[in-house]
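Labels run A, B, C and D following the written order; every chain starts at residue 1.
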Amino acid sequence: MSAPEAAALAPTARPARRRRRIDLLLWFCGAWLAVLILAAITAPMLGLQEAQDAAKTLLEPVYQPPSLGSTHPLGTNALGLDMLSRIIYGARVSLTVSISAVLIGTFVGGTLGVIAGYLRGKVDRVIGTLTNTLLAVPALILLVALATVLRPSALNMALALSLVAIPGLIRVTRANTLAFAQREFVTVARALGAGRARVVFRELMPNVLLSVVPMCLVYVSALIVAEASLSFLGIGLRPPQPTWGNMIGEGLNGKMEDYPHLVYVPAAVLFLTVFSFNLLGERMRKRWDKREVSL
Amino acid sequence: MAGTGKTHLREAGSTLLRVEDLQVEFPAKGGRRVHAVSGISFDVAPAETVGFVGESGCGKSTVARAVMHLPAPNSGVVNLDDTELGSLSAKKLRETRVAMQLIFQDPMASLNPRRKVKDLVQEGVEIWHRGGDRRALEERTRELLDDVGLDSATVWNRYPHELSGGQCQRVSIARALMMRPSLLICDEILASLDVSVQSQMLNLLKRTRAEHGLAMMFISHDLGVVKNISDRILVMYLGKVAEVLEVEALDRETVHHPYTQLLLASVPRVTGERIKPSVAGAAQDLPSPLNPPSGCRFRTRCPLATDRCAQQEPQLEEKRPGQFIACHHVS
Amino acid sequence: MSRPLLHVRDLTTTFTTSRGEVVSVDRVSFDLERGQTLGIVGESGSGKSVLGRTVMGLTSTAPNATVTGSVLFDGVDITNPDKKMRAAYLGARIAMIFQDPLSSLNPVKLIGVHITETLRQHDKSISRQEARRRAIELLDTVRIPDPARRFGQYPHELSGGMRQRVGIAIALACRPQLLIADEPTTALDVTVQKHVLDLLGTLCEEQGMAMLLVSHDLGVVAGRSDKVAVMYAGRIQEEAASSDFFRHQRHPYSQALLDAKPHLENPARAELVSIPGRPPDPAHRFPGCRFAPRCRFAQDRCREEEPSLESGGIPSHGAACFYPLDAVRSTKEVSI
Amino acid sequence: MKAAAGKVAQLLVVMFLVSLGTFSLTSLMPGDPAVAILGDNQSPEAYAELREKLGLNEPLVERYFTWLGHVFQGDLGTSMVPPNEDVTSLIRSAFAVSIELAVLALVVALVVSIPLAMISARRPDGLLDRAASATTFGIMSVPSFVSGLVLIALLVNQLHLFPRVGWVGVTDGLGQNLYHAALPVITIALLEIPTFTRVLRGDLVRTLQEDFVLSARAKGMPAWRIMIFDAFRPSSYSLITVLGLSLAQLIGSTVIVETLFSLPGMGRLVVSSASQGNITVVQGAVLVIAACYVLINAGVDLMYSVIDPRIRRVGA
């Protein structure tokens, strides 16, 4: 059966009208992330209310519920600290830590994965065993165990979180490398005289990376959650340094019934961010998958 | 190792490629080995096209890769001109190998999906920095693309997935020609194409071969196609050579190796008369290359088989001028 | 003759895809008599496979497909079968075999179960033992050696030719009157192809079964069919009795298709007459004859008007061409 | 056989590496573990005694093998924090809670996601599919501590359906046990349902495009039969993989849920021990969890061969 016939028969083929519709949700998510990242970067220049130092907020109202027009659009917490400002400073921590963890993870995991997938044999088995070892300890337990021995700084946090991302990224890159290395274009490149390095960097890498990028976005969201979880458990970054996780955690201490905004505001922000990263990753994967299929 | 004989090889000086006792095995599960190619010898003269026919699993594609040393064969000697490939250092091998170019069956899979046509065609040149002047390189690329029947202006910046199968195959040919090879190895390159495109490609290959003075190894399961393009034909069965012959001798009337005979009889005739279906016999399985039959490998399906065939492996013998057959019973 | 077993009129299959409306099968009509074989030949994209599936009622369940026209099977309209009709006809009175014998068998099911479940689906009264006995019998009918052992094996343990025989055994389970064979030998080696074609021929003869033999290869159909229909871009371009068709073709496409293939009978290294260009994109229809852009004989009229399948004086030899080849020859003679 | 032996060997190596890794945590600990455990204001003798007791004066390798020897006898040591309980029995009781939660949650998740995936896969991109996809996607982005909070606010505070916190063992009556387990189980299941559904749906859609499904339809099989008897089994590989991984992860990572609902499971045991620097408990717990992972992994491999005959008869 020819490609067009196959495409025509495949039940997944979308009707034309659905395709032309603009993906509003995607745009919304993109916009949210753009605003969030921009705000996180420019936080000190935004003239935000006090986020950390409770000594400076002695005169501010405490437990103020959100009210968009006021000086505290998202309300204040028990110490009168501004929620909006805390959310934005929290974003700085969450995003920096999780994105850098994913970058470290992609670099380390990606390199190991490509090496394992291309060289195979013994090297593959050694890397496979290491991957399994890392996977054998559940992510959160691993993080908790590390938290007992590491000081809770942003750098340590990023390193610890990257350990969570590495095994998965190794597996994905390895699988993709294996798949692409079997494609005939690699043999052809070697017939043209390409050496090992060229095959890996020029033939395999561009293909493998493209399939890993969507995965990375999903990992960013997973690590944001992981970081928040640690803070929530009180073993991540500690107050007064605001993070989304410890904001939710501190709102829980019996205040939730009376001042639900203490929990719902950071929870909503967390949800939106995680959702956006997930959606971006998912759409990207679908898009590139389709191209693969059409090949 | 007895091999299947070398009597059909021509004088060493007169050939471009000379392959002796080529042997390729793969490890299989359970510690066993697949005997993909078991002692095959052949040669290709300059500007000559040798066709390799046989059914799936006969090892014809493995031969192509082994000749290229992609990967190197388990044993055997591959001589390209005066160079023995097995004796070369890795770097030297890469350099020498460029004189042979491979084209594969699956037109999409053999093109890197993330590269544009122009980059694909220039890839080899880029690896060896042989491009020289950028303008000249671009000129030559366009020329080759036009030569293989593509409109260079339209396809220049296209990606493989924007082209049809036939067009991709043309890009592959242009890419191979770019390296000015002396030998082109075509592995089932027509198998996934429609009849109308097949004939275009066959004519294109014949023209290109003449223009560039190319020798070819042409691997195919289709006897009609092989007959159309080859000068000599190697009939392979289960990792061995059954018969070597000049193309003119390939027809239903001449006496052949029983396997060649079977192949020829199986090719459908284009006729309007109803063929009385021969009462179909029981289905037979091809013997496994994990554990090939002793003696003559074809004996399990051969109508002429005797005890001798099980004990003694037949050697290729020149039964008629230019026709070598490995069979105890055909005279 | 009495009414034909299969009577297809103006059958059209349209898919709504991201690239727009694709008419895969366009106003196709043909008749198939009991016990006869119709060969349908065309290149990829010609709609031959979709035609086979549409006749079988398999396309109409796809959410993006529309089927119009009519398929009468033994006088009953089965164009867009409902659940009940599907259960009554598919697999029972009409059966199908597929191109790739490996992928058309469920990898996790025993060979035998493939057959017994078909038997029991269409005849609930059969006991397990009875079904098993019949399945082994069927495996024997398609000349599979040691059928009882094969019954308990998985598809991957069989060779390609053996698998296709299993496919045939499944299709034969309920003694259908019509078998739709969709490229049954394309994935097989040439020696196995001959066996399978012989087997199909014998079975049709023995069981008085009609067959729709779909292939891209005229050679597969030659000698194995009573009638031949050549499809191009969704339409039947030529339809004739095989004996007539292979003697001379009236449509330029049919002839080009035969000439383009390197036959064993041709002299070595013969130059092939190739068809220039590519088949048209099914999503972009244009006026006139669909083959006109690639046709050596195309005239202005061919680019404006669409020819219909007419027999042009020769009974039962239709060609959708304004200048069929017998006519071209004579005009040429005149012009000289 | 050779492949199986290799697999077992690899798993043993994994166990060894995990135990080594956990054990060396002690030496990675900043400062003196004795100080960390006893606090700052104790007599030097007390520290020395504890160090002696912990064997901190011996080299790491030696300590590791001594510890490993005890582990093989089922002795994971004693807790460093008063009342210095036996680690093995601590873990045993916590493990029972965790495994119950994990298994129940997986069952709930499967019961929801298998039919959901089948409904979605029947008409890909249809209304139901898109609705299910959007819902699962949304749920996927809710961290468990948020979903747990929402559930508490809704089902406990508003509707008073379930108890807020606490745990009742099976020994105290199955009804009470399930009543207390319900909310945590739902919370955990919510975490798994989206993944399960999406993975299975994806595989089902792919399988349903296979020729053998078409051939089943050509045999006149009804759609539901094809879905259950033809498509499901060959489509369940990824689900099995994910299932195995989840089970392994769940045994430890119900931390959040256990904290939220104050349940005495493994997760909470690890977290509370870790915050007290109670390293023997952490070591023991991590080792047990890793052993589970290794065992489940082996089980998953076994499952593949049950599902797929092509894997079963390797080398046959």
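We take it that contacts are C-beta pairs under 8 Å (C-beta built on N, C-alpha and C of every residue); 3 or more make two chains touch, one makes a residue touch a chain.
The structure presented is a predicted model; accordingly, all values stated were derived computationally and were not measured.
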Through how few touching steps can chain C be joined to chain D? 1
Two candidates, A-B and B-C; the one with more touching C-beta pairs is B-C
Whole-Å gap between the CA centroids of chain A and chain B: 49
Centroid of chain B to centroid of chain C, CA atoms only: how many Å? 32
Centroid spacing, where centroids are CA-atom means, of chain A and chain D in whole angstrom: 22
Quick check: how many Å separate the C-alpha centres of chain B and chain D? 53
Could you list the positions in chain C whose residues touch two or more of the other chains? 44, 53, 63, 99
Would you pick out the residues of chain D that each touch at least 2 other chains? 123
Chain D contacts chain C in the complex at 123, 126, 210-212, 214-222, 229-230, 233-234, 307-310, 313
Taking the touch rule as given, give the residues of chain A at its contact with chain B in the complex, in rising order. 183-185, 187-195, 198, 203, 206-207, 210, 291-292, 294-295
Complex contact set, residues of chain C against chain B: 43-44, 142-145, 159-162, 165, 189-195, 197-202, 205, 216-220, 222-224, 226, 241-247, 256-266, 268-276, 278-279, 294
So in the complex, the part of chain D that touches chain A is made up of which residues? 10-11, 13-15, 17-18, 21-22, 25, 28-30, 123-125, 137-138, 140-146, 149, 153, 157, 205, 208-209, 245, 248-253, 255-256, 259, 267, 270-271, 274-275, 277, 279, 282, 285-286, 289-290, 293-294, 297
In the complex, go through chain C and note every residue touching chain D. 53, 56, 58, 61, 63, 83, 86-92, 95-96, 98-100, 103-109, 117-118, 121-122, 154, 156-157, 167, 170
